[in-house]
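Presented sequentially are two complexes of subunit A, the first with subunit B as partner and the second with subunit C.
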Partner chain A sequence: MVMKTKEKLIVKGKRLDGRKPDELREIEMKVGVIPNANGSAQVRFGNTVAIAGVYGPRIAHPRHLQKHDRAILKCRYNMAPFSVEDRARPGPSRRSKEITKVTRLALEPALFLKDYPKTAIEIYIEILQADGSTRVTGINAASLALADAGVPMKDLVVALSGGKIDDTLILDLCGKEDNYSEADIPCALMPRRKEITLLQMDGRLMPEEVKTIIKNVLKAGEEVYKKQKEALKEKYGK
Partner chain B sequence: MEETREIVIPGEILGDAKENKSSHGTYVEDGEIISKFLGISKKKGDYLSVIPLSGVYVPRREDRVIGFITSVEKVGWVVDINSPWEAFLSLSEAVDEFVDLKKVNITRYFDVGDVIYAQVVDTRRGDIQLSMNTPIARKLRNGVTVKITPSKVPRLIGKEGSMINSIKEKTNTIIRVGQNGVVWISGEKIEKAIKAVKMIDEKSHIFGLTDEISKLLSD
Partner chain C sequence: MRSDYVLKLLESGERVDGRKMDEFRDIKLETGIIKRAEGSARVKIGKTDVIVGVKMDLGEPFSDIPDMGVLRTGAEFTPIASPDFESGPPGEDATELARVVDRGIRESESIDLEKLCLKEGEKVWTVFVDVHIINHDGNLIDASTLAAFAALKTAKIPKLEKDKIVRDELEKKLPISHEPVTITVGKISDKFLIDLTKEEEEVLDSKLSIAIREDGKVCAMQKSGNLSLKVEDAEKMIDLAIKKSKDIRKFL
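Then we have the complex of A and B:
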């Protein structure tokens, strides 16, 4: 996207919201926010807020979708109409369908789906407030909700975005940075073995820069992982 | 058997696979035992296990469960056992006598809405068979049912039934607990018993729960 103004996004090594290039926004995570769901979580990265609910494992309907040897994962990413400045048109769009799919693919490797044949695990991710990096916030919320629902998992899934603005490599893009960045990379990973389950890129980068961003994301992912861990333990009063 | 109430998260390393053995709720990868669930880690001998704090009931053979009849078929009943899969109770497993299907409507034995206490005999997943051919199996009448998290059933029962027996005694009730997390209560002080059962469900991971329950019961 072309920059409309010649406004600098990084001034004296500080970003628009006063962060250093590799600093994350304020992170807040809460588990068990939807009593009706089997598991749920709300995650906030600065001004981006996502809430996720997990239902199941329960019998998959319609029946032809059932897999006789494993559970299926149903996923939905949706932006609330009031989540952005001008109203987001309700209902699935090209963008939300794509994000739904990549979210599902990012979470699937972390689950033991074979333990629950013929069933479906349903994940609903709702973006309440959007200010950049919504898909990674959604994945973080979904990961916590799955753990809260008691779904067997290999590992939690930690997600974080990286990018490049004003020739500087940064982490955790906010809305404005997202719009005017030279490139952005949303990334999801399983922290214990550092396996990457989601990697997308929008924009142009040199191969070395991609490598550096991935390295930075892996490192900063530890911080997000720690927050997830705390949020889960906090639900049970620790 | 000393219980430790340490909360672990999925993907947390519990120990070396050479020195310990992997049990419930864990898996082995790269020679290490790793938790599958958000739960309480437990060590018994050299077996490491994790008891999940939430989740659905996965039926296993020999489990005694409480189920609700949801529909009547030609030669049996479909039973909801609080699990992702439906269970089936066939006529031959339910009734001892000869039944002439031409003359008899099988709803005289069980009808929709009845609550039964039965045993799981087969669990090829998605095709769960129940049986009432055990002395303990019966139809449960005149009681209320409460649902708790299935993984917390052992906590509700306590060591050799200590917890459940104290609730029974203090509230003068009859209680049946299904492995599937359904608790059936009948008797005098039902409300107090329900309160105690729900408290155990909520606070199962806390030390000193036994004292709290006895305090609640003696009030």
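Then we have the complex of A and C:
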């Protein structure tokens, strides 16, 4: 976003919330939070909270949506009206439509859709509290919810944002940093394969900075990966 | 099947229409084609045909940026453009196209929005950029961004008389400070392609659209497609896009 601030976002090497440039916010992940869903998870990065529920694989309805050779992946990213400062009007916005699409594409490479013909795997993500990096928080929750639902995956999908503020490359942007950043790069990856499944950017960066941020995200993604695995172990034991 | 043929040819390093992997189809750009619009452009890349119209109106600024004009970008997949398009409100793909075009223009800071403020917090110019697809044969993102920026670059602000717009009298040019170009690189198995046709897009693994400014800065990216991307692939795609952006820039 093109916004200007006179306020410094980094003072004496520390960010607004006291973090170092490459430090992530406090992360909390819990699996199995929606009894009705086949799989579910809640993920918190600082003040950003997302909850995801997975239904399926189950027979796709209406029938004309069924694919004879694979499952369809349905996805919805939605912001709760109370998740933001000024109430968000319920229903799909242009922003949420686009995020829904890139979220689906971020998760799809990890799944074996061909193993479940005629079915639908449905992923619903609700952002309960927004303080930057909501799409990546939602993807982390969805990845855990898929694993919790017992949907076979090539790898967990780990998501994290990187960016640049006050001439410094950072990780895990909070809301204020997102608004005033020089650049914001949301990423999702399959850590074991070192493959990217979501890559977006806005801002202004030299090409080398883009590449550095992607590498930094990949490296710090290990920490998020570890948290995801811990959350699953927490429910399913050692 | 047709898609097998496309893939088989690619394996031996060829494209159906005989182009090199990093070669654009013929590009035609016309500006000022819609008399009613404050700015307009039509871009044809091969059989892909896109019209962008710019309209300007008075409006209120956003409360968090009270001293800046407003940019709004929309895209419509009109049913005339493809047997796959249906009428109705913009779907996921049209919305994504609009937002990717918007991001390229906005994040490059191409329009000097501060100069579009008439009264802080109260009255600013709103610039509407509307992308209309006339014929879809692939690479809508590059074609639409080129048309959108060409339309903006040639757009003029209407005259104001006692705070009313005089529609048929255009005054000064829209203030432009940077020039973005968006290049999409597609990946099909181990090949990197530029300017994919619709039938190539139907078999692609993944693609990355990259907006690049005249000073070499990257301003926006969007990955799409069903498969993942290796980090090295992403880097190669960024480099290729920067190299090819010069081919498009000469049209501006």
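Note that in this section the second predicted complex is superposed on the first by the 231 of 238 C-alpha atoms of A that agree within 3 Å, B and C clash if a C-alpha of one lies under 4 Å from a C-alpha of the other, contacts with A are read in each partner's own complex, and residues count from 1 in each chain.
As a working rule, a contact is a pair of C-beta atoms (placed from the backbone, for glycine too) under 8 Å apart; a residue touches a chain by one contact, two chains touch by 3 or more.
Small disclaimer: the values here were computed from a predicted structure and weren't measured.
Participant: On the A-aligned overlay, A:Leu218 touches which partner chain: subunit B = first, subunit C = second, or both, or neither?
Facilitator: second
Participant: Once the structures are superposed on A, label A:Val210 by its partner contacts, choosing first (subunit B), second (subunit C), both or neither.
Facilitator: second
Participant: Does the superposition put A:Leu199 against subunit B (first), subunit C (second), both, or neither?
Facilitator: It touches subunit C, and subunit B stays clear.
Participant: For A:Lys12, is the partner it touches subunit B (first), subunit C (second), both, or none of the two (neither)?
Facilitator: After superposing on A, A:Lys12 lies clear of both subunit B and subunit C.
Participant: In the overlay, answer first, second, both or neither for which of subunit B and subunit C A:Lys101 touches.
Facilitator: A:Lys101 contacts subunit C only, not subunit B.
Participant: A:Met190 contacts which: subunit B (first), subunit C (second), both, neither?
Facilitator: Both partners, subunit B and subunit C.
Participant: Quick check for you: in the superposed arrangement, does A:His61 touch first (subunit B), second (subunit C), both or neither?
Facilitator: It touches nothing on subunit B or subunit C.
Participant: Across the two complexes, find the residues of subunit A that touch subunit B and also touch subunit C.
Facilitator: 190, 193
Participant: Which residues of subunit B touch subunit A once you look at their complex with the stated criterion?
Facilitator: Those residues of subunit B that touch subunit A are 7, 9-11, 13, 25, 27, 29-30, 34, 36-39, 52-56, 58, 84-86, 125-126, 151, 205-206.
Participant: For subunit A, which residues are in contact with subunit B within the complex?
Facilitator: Where subunit A meets subunit B, its residues are 38-39, 56-59, 68, 110, 112, 115-119, 147-156, 190-193, 228-229, 232-233, 236-238.
Participant: Under the stated contact criterion, what part of subunit A meets subunit C in this complex?
Facilitator: Interface residues on subunit A, with respect to subunit C: 1-3, 94-95, 97-98, 100-102, 105, 108-109, 179, 185, 189-190, 193-207, 210-211, 214-215, 218.
Participant: If you look only at subunit C, which of its residues touch subunit A in the complex?
Facilitator: Those residues of subunit C that touch subunit A are 64-65, 68, 90-93, 95-96, 98-99, 103, 106-109, 113, 208, 213, 216-231, 234-235, 238-239, 242.
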